[in-house]
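Below is the structure I would like to discuss, written out as structure tokens.
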Amino acid sequence: MAKLIAMDLKKTVPVTLAFIMGIFGAFAYFYYTKPTADVLANAIVFDGVMGSMAMGISLINISLIHGRNVQRKRKGWFFSLLLLAVMYFGLIIGLGAMKPFIEETGTKVQYYGLFDWGTESIGYFLVNAITNPASTTVFSLLAFYIASAAYRSFRVRGIDSAILLISGSLVLLGQAPIGSVIFGPGIGTLRTWILSVPNMAGSRGCQIGIAIGAIAMSIRVLFGYERKPTLGGMG
Amino acid sequence: MGITSILGGLVSAEQEWGLWKGRIGSLVILLILASFVIIYLRLAKTRTLFIRKLPALDAVDEAIGRATEMGRPVSYVPGLGGIDALETMCGMVILGEVATRCANLDTKLIVLNRNVLVQPATAGIVRDAYKAAGKAEKFTEETVRYIAPDQFAFAAGALGIFKREKPAANMLIGRFWAESLELAEVGNEVGAIQIAGSSSMAQVPFLVAATDYCLIGEELYAAAAYIGHDPVLTGSIAGQDWGKVLALILMVVGVISAWVAAGDMWLKNLLYI
Amino acid sequence: MAVVEEKKVGTWEKLASIDRRWIFLVSFIMIVTPLIYPVKLPIGISPETAAVYNYIENLPKGSVVALSMDFGSYLSENYPQARTVFAHALKAGMKVILMGMWSYGATITSSFMIDEIRDYAERTGITQITSAMATYGENYVNLGYILQAGTGVMQLAEVGFYPLLFPKDNYGNLLETLPFNKFGKHITEFMAADLDLLICFAAGTPGIEVYRNYWWATGRMTHLAIGAVGVSVAGYYPLMDAGIIIGIIPSTRGALEYDQLAGMIGASGQSLGAMDAQSLQHLFIVVLLIIGNVGTIAMSRRRREA
Amino acid sequence: MGFVEYASDIGMALIILCAYSFLYKENPFYRIMESLYVGGGVGWGLAYSLFRFNQTLVPFFKDPSSLWWYTIAIFLGFFWYTYWSKKYYFLYRIPLSYGIGLSIGTGLYGSVYSTFIAQVTATFKGAGATPLETFNNILITIGAITAVLFFYFSKEHKGALGFASRIGRYFILIFLGSAFGNTIMGRTGLVISIVSELLKDPQWMMIPLVIAIFMVVELLKRIGYLREFSPTIAQAFEVPAKGETKG
């Protein structure tokens, strides 16, 4: 009872709130009553609205970190200045890019500004010259890193690495058309067999393990044994 | 009509009240699994339970020690998942321990975040760890950095920081997507000991290939309980093992009945009532 | 490169530790050359792709096929799959709904996909598609972005498409003004159960697991298929084996297979030259694996001799 | 082709080449791309999420009476920003715990039904139609059971458990290997789509231009002319100061 009396906002309320929402969420999924089902639907939308309110944290955090870099002229302050400039410029442009940009070429590329400042064309440049190509290119770096990772780590040092190498190479050869050109169509069916039998069994074993681990972790967090995520136990 | 008229808002499809049809089997299984974990949480208070070593966790101390000797930073990425993903929670729990050890050894720690909500949470954890170790002044805004919300903007920023700061130990623990291989490969390029942990099964193959130690799937959840060396939490891992025993019993019984009575899927129907 | 001072490092040992940047350079050459001089190697059909194709072929005319565009601006794997399936569904006389949980894929990519398929159909003279696409909202509709992935999909099953989730389509037309219907039942009365097949072109999260948890698990709608990115193909076989999905279209190769199945080469927008580049890069990686292992064996033998 | 499209094609080519320069080594051109990308992404992304957020509030604006609790959600939403205040920093744990609790609660059913039960029942396979199918079913059963045992924690992996977990490890290794082999196509496809974009008309001119600039900079660095020309650029390009020689 003493613990309950000393309940203060810092420690116990977060853990209790997580517990209540957890039990309610689980209950509504197993025992159907009209009110609980409706309240759950609303609770999820409530969580969505509340969660999306936090979008400003990215702007503030980046402004703080890079602002201090510029202020103290740390190494590479020029790049932080460039980042801040483009960020605020992109924000203002984005807010005003209401109308879809390309009407005549048919591809109605729709932009969604809150206001109509007519900045669609700059918005088009920002998206199609900077963010899209950059994200696709950084993504495509993986093709090179996959080659160097395969070269570096698929070295036969025992049975384990031999299995990794053989299954990887067979699936790899079965996937590319050149594989069936060299080894005949058999490699394609071998790839499908590897994927649908041994691979499937191994993946199934892991998924069952993950489900059990996830439930155990959920119980530990909901019942307050694991306090770090809800920061309930921290000072 | 009851609560919803007061609360208003969305209205879900009408259905017959009572236990949801088709989910009773799941409820029973969930209660069994949950009770295993709770029983062992209580049991661990009195009895010490044996849990096998997780090599990746023993490597954490070794990695931080190496970073301290070489005077290079430790970098930590608690995954790119949201604040409500269980893997991110494991990443935050393990970060708490890593931050405490870094604070005690005066090693520079860099935490890179992608999720808007994980940033304040991880900053809170690291700040409290530094405060607990009496090194509150060592915690600056450089310690826990928010890079970018977009997946590959984060990857671009993180790769640049790895190359510039050259960490001696790099930990990638949490929910990852395609960028996991880039982070691991560049981490290796700058010569860091790398410890990874994720249950995103699409990325585990790359983390296993490119890093030195990797917690696979359920090992991540066990590690979150094991790393604090808190006997109660470590005990609950034994509860997870009983969950596996349940899965094995169901599978064995199901397979035998499938062999014996080919058509009759009584156990499957039982689980799906 | 690790140079062993006293012993001259044999050429074999050098094979074990080639500098990354040579690998990057050769990879780049392997990928670029076939794009300029294509060889056009043939492709085999995998059963998972054929399962999706046959499922649509066997659906009665006028059934509703939904394409969930759950990918971003990376148009190399899911987008070719979506294009070829969209073209085939229209050619097979199905009614197609475009929507998605990823904002870029559902709103922007779906818009220019429609235009590209219309141009493709006119160029190659596939009359079924050109007539199906004559009036917008008749045989296909683009509903755009599902705001909250989890809640939205749940509402599609529990509450329905209209009015909460899709008051308007992707272009702002009010849903009730569109002629889209399934054997007389107007789209405004649609629930998830009215869809005959949903193909989720998933690049990651949110993806097929949302439809599995809120549609398949609740029994509201169980005809799901997936257009998968290469990395997650291996993980979807257990779903197919457990009957959660009826088929998988694996990566870019799946899109080209689907082109051949539907007899519409180029519908996916991918050329066979791209597949040659894939073949060369795959071959180069196998060569790398061999070189790496030869180097390691040589080093261990030299260590045993020393 | 309008001016904006032409400019964005050129810009795209420059951004792509700057990003690929990272493969050679981390250099200021890459950092420029990084700053433009992160800055543009956050700024534009925030404008876009504000629009999305405005759309989620549309039902609320339509009939505030029935969705009155939106106001509480927005009010609690401001608690996220108390993270910076010294006194009230704990307030942001309220929306945090609400989100975590709800997501765990609603996720429990999914983990049990769609993963645990679905995968366990999927292994209930006996004799198949063809001998191959029967063999496959046996292999899947053995593989799934031993793979689960691989994750056993409360006993040392020795004896029978050791043997079973080793078999399980082999199955998991096949899963890891085949997932790796499967992914190469997807990633290579990305490079193909970028390179074919780069080889198009206005963009390809940037390739020789950027390579030439790279060589000139490297040359200048080698002969140390850059330091006299302007210290800030030298610092940006991390040119070593007079005395210090960079490793």
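When the chains are written out, they are named A, B, C and D in that same order, and each has its own residue count from 1.
Keep this in mind: a contact is a pair of C-beta atoms (placed from the backbone, for glycine too) under 8 Å apart; a residue touches a chain by one contact, two chains touch by 3 or more.
Predicted model only: the values in this text are computed from it and were never measured.
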Seminar exercise, completed: Contact partition of the other chains, subunit B left out, is one piece
For this session: Using mean Cα positions as chain centres, tell me which chain lies farthest from subunit A.
Result: C
Exercise. Is the C-beta contact count larger for B-C or for A-C?
Worked result: A-C
Exercise. Once you find the CA centre of subunit B and the CA centre of subunit C, what distance in Å lies between them?
Worked result: 29
Seminar exercise, completed: Whole-angstrom distance, CA centroid of subunit C to CA centroid of subunit D, is 18
Problem set entry | Gap in Å, rounded to a whole number, between the CA centres of subunit D and subunit B | 17
Seminar exercise, completed: Expected list for subunit A, residues touching two or more other chains, is 26, 29-30, 40-42, 44-45, 48, 51, 54-55, 57-58, 62, 76, 131-132, 134-136, 138-139, 141-144, 146, 148, 150, 152, 154, 164-165, 168-169, 171-172, 175-176, 195-196, 199-200, 203-204, 206-210, 212-215, 218, 221, 229, 231
Exercise. Hey, what residues on subunit C touch two or more of the other chains?
Worked result: 20, 24, 28, 31, 74, 147-148, 150, 155, 158-159, 164, 231, 233-235, 238, 241, 250-251, 253, 278, 281-282, 285
Seminar exercise, completed: Residues of subunit D that touch at least two other chains are 19, 22-23, 31, 33-34, 37-38, 41-42, 45, 48, 52, 56, 69, 80, 83, 96, 99-100, 102-104, 106-109, 112-113, 116, 119-123, 140-141, 144-145, 148, 151, 172, 175-180, 182-185, 187-188, 190-191, 193
Exercise. Should the pattern of chain-chain touching be classed as line, ring, star, complete or other?
Worked result: complete
For this session: Flag every residue of subunit D that touches subunit B in the complex, lowest number first.
Result: 19, 22, 25-26, 30-31, 33-34, 37-38, 41-42, 45, 65-69, 80, 83, 89, 92, 96, 99-100, 102-104, 107-109, 112-113, 116-117, 120-121, 123-127, 141, 144-145, 148-149, 151-157, 172, 175-177, 179-180, 183
Seminar exercise, completed: subunit C partner, complex, touching residues on subunit B are 10-13, 22, 177-178, 189, 201-203
Problem set entry | subunit A-facing residues of subunit B, complex | 1-4, 7, 9-12, 14-20, 23-24, 26-27, 30, 33-34, 37-38, 41, 86, 88-90, 92-93, 96, 116-117, 119-121, 124-125, 128, 131-132, 141-142, 145-146, 148-153, 155-156, 159, 164, 178-179, 181-182, 184-186, 188, 199, 201, 204, 206, 209-210, 216-218, 220-222, 224-225, 232-233, 236-237, 239-240, 243-244, 247
Seminar exercise, completed: In their shared complex, subunit A is touched by residues of subunit D numbered 4-5, 7-12, 15-16, 19-20, 22-23, 28, 31-54, 56-57, 69-70, 72-74, 76-78, 80-81, 83-84, 90-91, 93-109, 111-112, 115-116, 119-120, 122-123, 136, 139-148, 150-151, 168-185, 187-188, 190-191, 193-194, 197, 232, 235-236
Seminar exercise, completed: So, in the complex, the side of subunit D touching subunit C is made of residues 23-24, 48, 52, 55-56, 59, 106, 109-110, 113-114, 118-119, 121-122, 140, 175, 178-179, 182-193, 195-196, 199
